[in-house]
Amino acid sequence: MARKRRKRYHAPGTQPGTLAAHAEAGDAPVRITSFRYDANRYEERAVVPSEIPSLPSPEGEVLWLDVCGLSDPSVVQAIGDRFRIHSLALEDVLNVPQRPKVEWYGDHLLVVLSEIRYPDPPEQMTFMVTDGVVVSFQERPGDAFEPVRVRLRQGRGRIRSEGADYLLYSLCDSVLDAFFPTLERLGDEVEEMEDQVLASPEPETFLAIRRLKRELMTVRHAVWPARDAMNLLLIEEHALIRPATKVFFRDCYDHTIQLMDMVETFREMVSGLVDQYMSAVSNRMNEIMKVLTIISALFIPLGFLAGLYGMNFDRSASPHNMPELGWAYGYPAILLLMTIVAGGMLYFFRRKRWI
Amino acid sequence: MARKRRKRYHAPGTQPGTLAAHAEAGDAPVRITSFRYDANRYEERAVVPSEIPSLPSPEGEVLWLDVCGLSDPSVVQAIGDRFRIHSLALEDVLNVPQRPKVEWYGDHLLVVLSEIRYPDPPEQMTFMVTDGVVVSFQERPGDAFEPVRVRLRQGRGRIRSEGADYLLYSLCDSVLDAFFPTLERLGDEVEEMEDQVLASPEPETFLAIRRLKRELMTVRHAVWPARDAMNLLLIEEHALIRPATKVFFRDCYDHTIQLMDMVETFREMVSGLVDQYMSAVSNRMNEIMKVLTIISALFIPLGFLAGLYGMNFDRSASPHNMPELGWAYGYPAILLLMTIVAGGMLYFFRRKRWI
Amino acid sequence: MARKRRKRYHAPGTQPGTLAAHAEAGDAPVRITSFRYDANRYEERAVVPSEIPSLPSPEGEVLWLDVCGLSDPSVVQAIGDRFRIHSLALEDVLNVPQRPKVEWYGDHLLVVLSEIRYPDPPEQMTFMVTDGVVVSFQERPGDAFEPVRVRLRQGRGRIRSEGADYLLYSLCDSVLDAFFPTLERLGDEVEEMEDQVLASPEPETFLAIRRLKRELMTVRHAVWPARDAMNLLLIEEHALIRPATKVFFRDCYDHTIQLMDMVETFREMVSGLVDQYMSAVSNRMNEIMKVLTIISALFIPLGFLAGLYGMNFDRSASPHNMPELGWAYGYPAILLLMTIVAGGMLYFFRRKRWI
Amino acid sequence: MARKRRKRYHAPGTQPGTLAAHAEAGDAPVRITSFRYDANRYEERAVVPSEIPSLPSPEGEVLWLDVCGLSDPSVVQAIGDRFRIHSLALEDVLNVPQRPKVEWYGDHLLVVLSEIRYPDPPEQMTFMVTDGVVVSFQERPGDAFEPVRVRLRQGRGRIRSEGADYLLYSLCDSVLDAFFPTLERLGDEVEEMEDQVLASPEPETFLAIRRLKRELMTVRHAVWPARDAMNLLLIEEHALIRPATKVFFRDCYDHTIQLMDMVETFREMVSGLVDQYMSAVSNRMNEIMKVLTIISALFIPLGFLAGLYGMNFDRSASPHNMPELGWAYGYPAILLLMTIVAGGMLYFFRRKRWI
Amino acid sequence: MARKRRKRYHAPGTQPGTLAAHAEAGDAPVRITSFRYDANRYEERAVVPSEIPSLPSPEGEVLWLDVCGLSDPSVVQAIGDRFRIHSLALEDVLNVPQRPKVEWYGDHLLVVLSEIRYPDPPEQMTFMVTDGVVVSFQERPGDAFEPVRVRLRQGRGRIRSEGADYLLYSLCDSVLDAFFPTLERLGDEVEEMEDQVLASPEPETFLAIRRLKRELMTVRHAVWPARDAMNLLLIEEHALIRPATKVFFRDCYDHTIQLMDMVETFREMVSGLVDQYMSAVSNRMNEIMKVLTIISALFIPLGFLAGLYGMNFDRSASPHNMPELGWAYGYPAILLLMTIVAGGMLYFFRRKRWI
């Protein structure tokens, strides 16, 4: 996942409803694909921007406009004009990244989700729904919608016989399902990190933990509001979302809760990792201190003894001056004394279970 | 409890309602047992999958289908078809583990619980309830239902004269009651750990604390949502759960609160253990430092004194050069000085209560 | 307060409503006292279990059955039969400890509280209320009800002219009031501990802090749910609790909030104690390190100087070899140098405010 | 602010409504002042206890009884009898300190606030309001009401033309406004402490931080419930508080929120101070360790070199024994070597930026 | 952002509704600009205080009075009199800083926001709205309103054809939008700080982290209540805010949530920085300890060996006294032994991965 945060705002004070291409939108041309279908009919074709104003209404069918690329604000404006979308909703399409949300504008509906598919950076998915029409906007090619397209083409399942609300559900579900593999990977990384903290608590490990924490935070910021958004779809009574479809949105909602559960579990594990790292560092410090203490405590007293008998008191001046130096067994005796002192120290450390 | 997390999702974008065997389901055959009873009659028999479509309706009796093993999606599909279960509910049976939850689908009801019976790994228990029918799904043989079966067979208590809602309650209650011994064991381990942290704050202790934390987290993830689920059964007005049975579900709800209380208490104790461990590590470090300091402070000054009189200044060159070496009592004097210095140090440490 | 947690559950899967004596109930006989009174009449007498089925209804009076001891489930069953109490409510009497709670069973009411009176272990107080009747169950002799009994006997205050709801209030109030002295004692201990942490941050202090924390947790687990229970009595509209009595239960509710305030204050203070202990340990470590550093830094350089002039270079081989040893004032000069070095060190430490 | 907690309870089991003087009430006589006014008339006079039963009703005017001192329960009882106050409300007057709260008793109202005016200890302010009457109780002379009295006397502002509810507002507002200077002072102390932590992280600093924490906790315990109390006055529909006065209580409510904001900000800053203190202690430890390490690392190797050439191997026994001692430039060479070693060490420390 | 907190209160006990210039208001004269417009007409002119009482009502147009500077309370009073504003609302204009809030006073509305535009200190923006009139008060010249003025002058967008509620929205939106660049800058600083903590965990870094924390706290205190305020505008049904305008206030509300998201993200990152700083300090301590230990452990044993053979036992007194000194290869042997000991130590440290 990309680390650099992007600017989230147009210049302060800009007139509301002003549409401007996003700074990072690039200038790849906007690709628009139209899917028009009902239980019996299916048409999929590319649409050029100039066609937009004259796109016919769905008339009992479902129309899905799949817009890929945000480099041309005039396309968004044209779609907004054609389907009478509120200017604030259009603004949200271009001012990426928005926080995931659902907003009702009288007769139409705006759904914003964030798609996080490892290893791509997060991408904003915006859906506008009016009667029989779903318009989806994505920032760049590559999305989680392919299985939906396949099901539409092949007419498998109930998707072709349901309305725009079921299509919206299918698209939202695809986006949310794509979180699971990403979270699995993060979970695997958390577990690897646990082993690594045990093996070698290096500063790099700490940095890796922090990176993991940040990625979890990114996912969390995408999932938390998605949960609220799905809930809003569930509880709002509106003709655009039929009761029979709500059971499917409840499933989406349930998935967001499962995702949150996973995110929170991993977050708790990561936060435990920080404790574990700190504890490992402390233990290592303890170990270093033990080595220092053992060696110092062994040799400093011995060194003192050696130094004692290295003194130069004049034995000839007085019989009290270091008579030990003249003893026949003075040297063996001092060696024995040193051995006893060292042995005593070692026994002491042993009893304290330091060695 | 098993440590490895299992995959919780079908491939992203899979059509909703697709039923596929779980990767870990194994291929043990699915065993189905049917219990059909009322106050006077009782029939218990094995059912083969091919019978499912023609299973008669309960007609005033209660029918409990006890399905053990998730290796064959077609069985789940057949049961779903027979009792007109929503495809999303069927999906939840196979995509284990689901989060514990209660979902109402018009005329039927889905209850998902997690059974944690030490030392088995967690197992998802799914219940589907329609008019007079309870279908329970479990992942593998071995469950907490045996006392319910015994009561059914012996016709003890009120279970035989009550309806499917009371059976659902009995099964949920069995699953929730099975948490208590597991939590008792975890509580015992927490207390053992407290003694262990005091006795020897080894890195292994820290790992054991972390393992305990993780197990408590697993239980918590099973119990928290179970509480919400039981509450939902309580507050939802629906013909499937009669008011007289709700007082029993309130008891279940109460048990989940007691379980949460225990889990939270243990979690708080475990989190106190981490503090205690860190404090024990600090204390140990303090002790090591004290030993080092005492020995260094004792012998380094003495070593200096010895070194001082080991200098080779030429006493013959000048009477100012180390005249002490020629004193009659020079050596005894220096030994006395050393004893005084050491004694002073020991007194200082004593006053600081280090020794 | 007793430290050992007791088992809180009957064997998993036991039939709901099964009454069994608690493992720790002992076999002291059950003592039952009956209080029957109205504004003019007052009767207090012992009741033997065999009388229970034929106990007359209160008929405008108030009947308080005070049951002490849980060793005989048949007594509980008999009382339940006589006053038509729900089997789940009876179960809660025996399965101690229950979480404090209030449960409405149609025409009767169950109130569970926990009594913590220092230095006794916690004791469950269960109240069952039906029209004109209060049955109280306690685990063992010794309770907070004595002042209520005295007021009943002497006919003081309004208690004799009020109904069963006021009696219930008086009993609950007695139980809750008994928390205050216990909390006062804990508060005193917290303050003592603060002084102790300052005086001597020994590991034993840390253990005492943990014990205090645990006792506060026990009180908290008794008070939190009691608050919810009192609130439930306040908000539930039911003939058993008359509006005029609710103002008294509001007072109880207020007391639980005051208790929670005290508990949370003490908890915050105790958690500050842990910080303070850790800080004291760190400071002690700092002090130890300072002593080590000062002594090492003083004597290691001096020791080097002494060692330098203890070298045995052959002065006769060359005039460059340690000519200092032959100087007339070599020894005084080196002593002066050593004094200067030591003085400089001491000045450095002084400036750093270590000594 | 006084540090000693006072007992907050009457003896457990005391009959509800029993009035007893508070242990700390002292025996200064109770002073009662009566203010009786409307837009045109104003009377202020001392009232003796024996007058209370015959105090006339306000009759369209407003009557404020300002009671100072709680040493005589019979005065409280007399006031309660005169204005038909509920016995539980009277109890709350004497059992100081109560938690700030608002309680409705049918036709009268109890408001309890805590006044914290630096440097006085906290004082409970109790207000009882019935139709046209406000009775205020305070523990001892000295309060925040003086500006209200002045406004009453001078007839400034709207106070004389408004009712008892506006008087209640004015008194509550005075009590709440008195918190601001106290909080300012605490805020100043927090900032001073920040500088002090930087300058010298002594154990005394830590104690001062803890004292500050405790004072903030005291204020918090006074303000949090005051917020709820003010809110209760706002939302309760009752004839005693007219809608036009509610806008003023909303202002009080707003002040409590501002106070909470300040308290929480200071708490967060104080909790940051603990971190900062701990970090300063760590840094100081690091510095001590650095000094120790630099000096040890400099002189221990040099000391070894000196020791090496202090060995007494018999150069006459063999030409291999310490021939360096006989070299013409042996001593200068060893001094050079030592300088190089020391220089290398210093360079190493420099590169590590320790010096 | 300015660090010094300002006094937030008038003297305790001041009569409610007293208007006094803020202590920091300075004495720059108050500048008032009047904007009067509808879709067709536009008039912008300076207004002198004496004109205020005779300002005509908007009559279908919109009137925006832009008041800059709070040095003259009489101006605020005059405006309040002219538009019949509640005295408490007027007080909030002058007692800066108020907490951001929305307050309904019957037929008029008070909106308080805090404008934080880097590098200026926070500034209170107060809006009063009555029918067709918006009065804005700011503390000093320089604001975020310029784009609104430009749009008004040029008649661009819908602003000229909408009412006072849309103007209010435009002004609020300008204030809220101005937070984004400030937050961006804080976000950049957080990221810089992360690199800095890695590079050099100096005490100054810690101070910089704390400063960042405090700035985030300031922004948080401005944004949190702004969110509640915007929400209150959304949910209140009042003629002053038309439903069609609410969709725009929802956008404002959405921005406050985005701002909160950013603030909370940065706060979490900053709090992670403290951990990281502490960990870096620990690591540095570990490194220091390692250097000390390695050098001590290398040279202290060698020093002992050297000292051993510096002893002066009298070889002539006995053949047992230090015969090694007379060996032909004694010196080379001891050098070899020292090399072996040092090599062993180095191997040991290598294996522990300390070097």
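Order of writing sets the labels: A, B, C, D and E. Residues in every chain begin at 1.
Assume a contact is a pair of C-beta atoms (placed from the backbone, for glycine too) under 8 Å apart; a residue touches a chain by one contact, two chains touch by 3 or more.
Quick caveat, the model's predicted, so the values are computed rather than measured.
Peer 1: Spell out the chains that contact subunit C while also contacting subunit E.
Peer 2: D
Peer 1: Among the other chains, which touch subunit C and subunit D together?
Peer 2: Touching subunit C as well as subunit D, we find no chain at all.
Peer 1: What is the distance, in whole Å, between the centres of subunit B and subunit C, each centre taken as the mean of its C-alpha atoms?
Peer 2: 25
Peer 1: Taking the mean of the C-alpha atoms as each chain's centre, how many Å separate subunit A from subunit C?
Peer 2: 40
Peer 1: Please output the residue numbers of subunit D that touch at least 2 other chains, ranges allowed.
Peer 2: As it turns out, subunit D has residues touching two or more other chains at 278, 282, 285, 289, 292, 296, 300, 303, 307, 310-312, 322.
Peer 1: Touch graph across the chains, line, ring, star, complete or other?
Peer 2: ring
Peer 1: Which subunit C residues qualify as touching subunit D in the complex?
Peer 2: 144-148, 151, 156-157, 159, 170, 173-174, 177-178, 180-181, 184, 187, 198, 247-248, 250-251, 254, 257-258, 261-262, 265, 268-269, 272, 275-276, 278-280, 282-283, 285-286, 289-290, 292-293, 296-297, 300-301, 303-304, 307-308, 310-314, 317-318, 320-322, 352-354
Peer 1: Taking the complex as given, what residues does subunit B use to touch subunit A?
Peer 2: My answer: residues 5, 7-10, 12-17, 86, 88, 98-99, 101, 103, 105, 200, 203, 206-207, 210, 213-214, 217, 221, 274, 277-278, 281-282, 284-285, 287-289, 291-292, 295-296, 298-300, 302-303, 306-307, 309-312, 315, 322, 324-332, 334.
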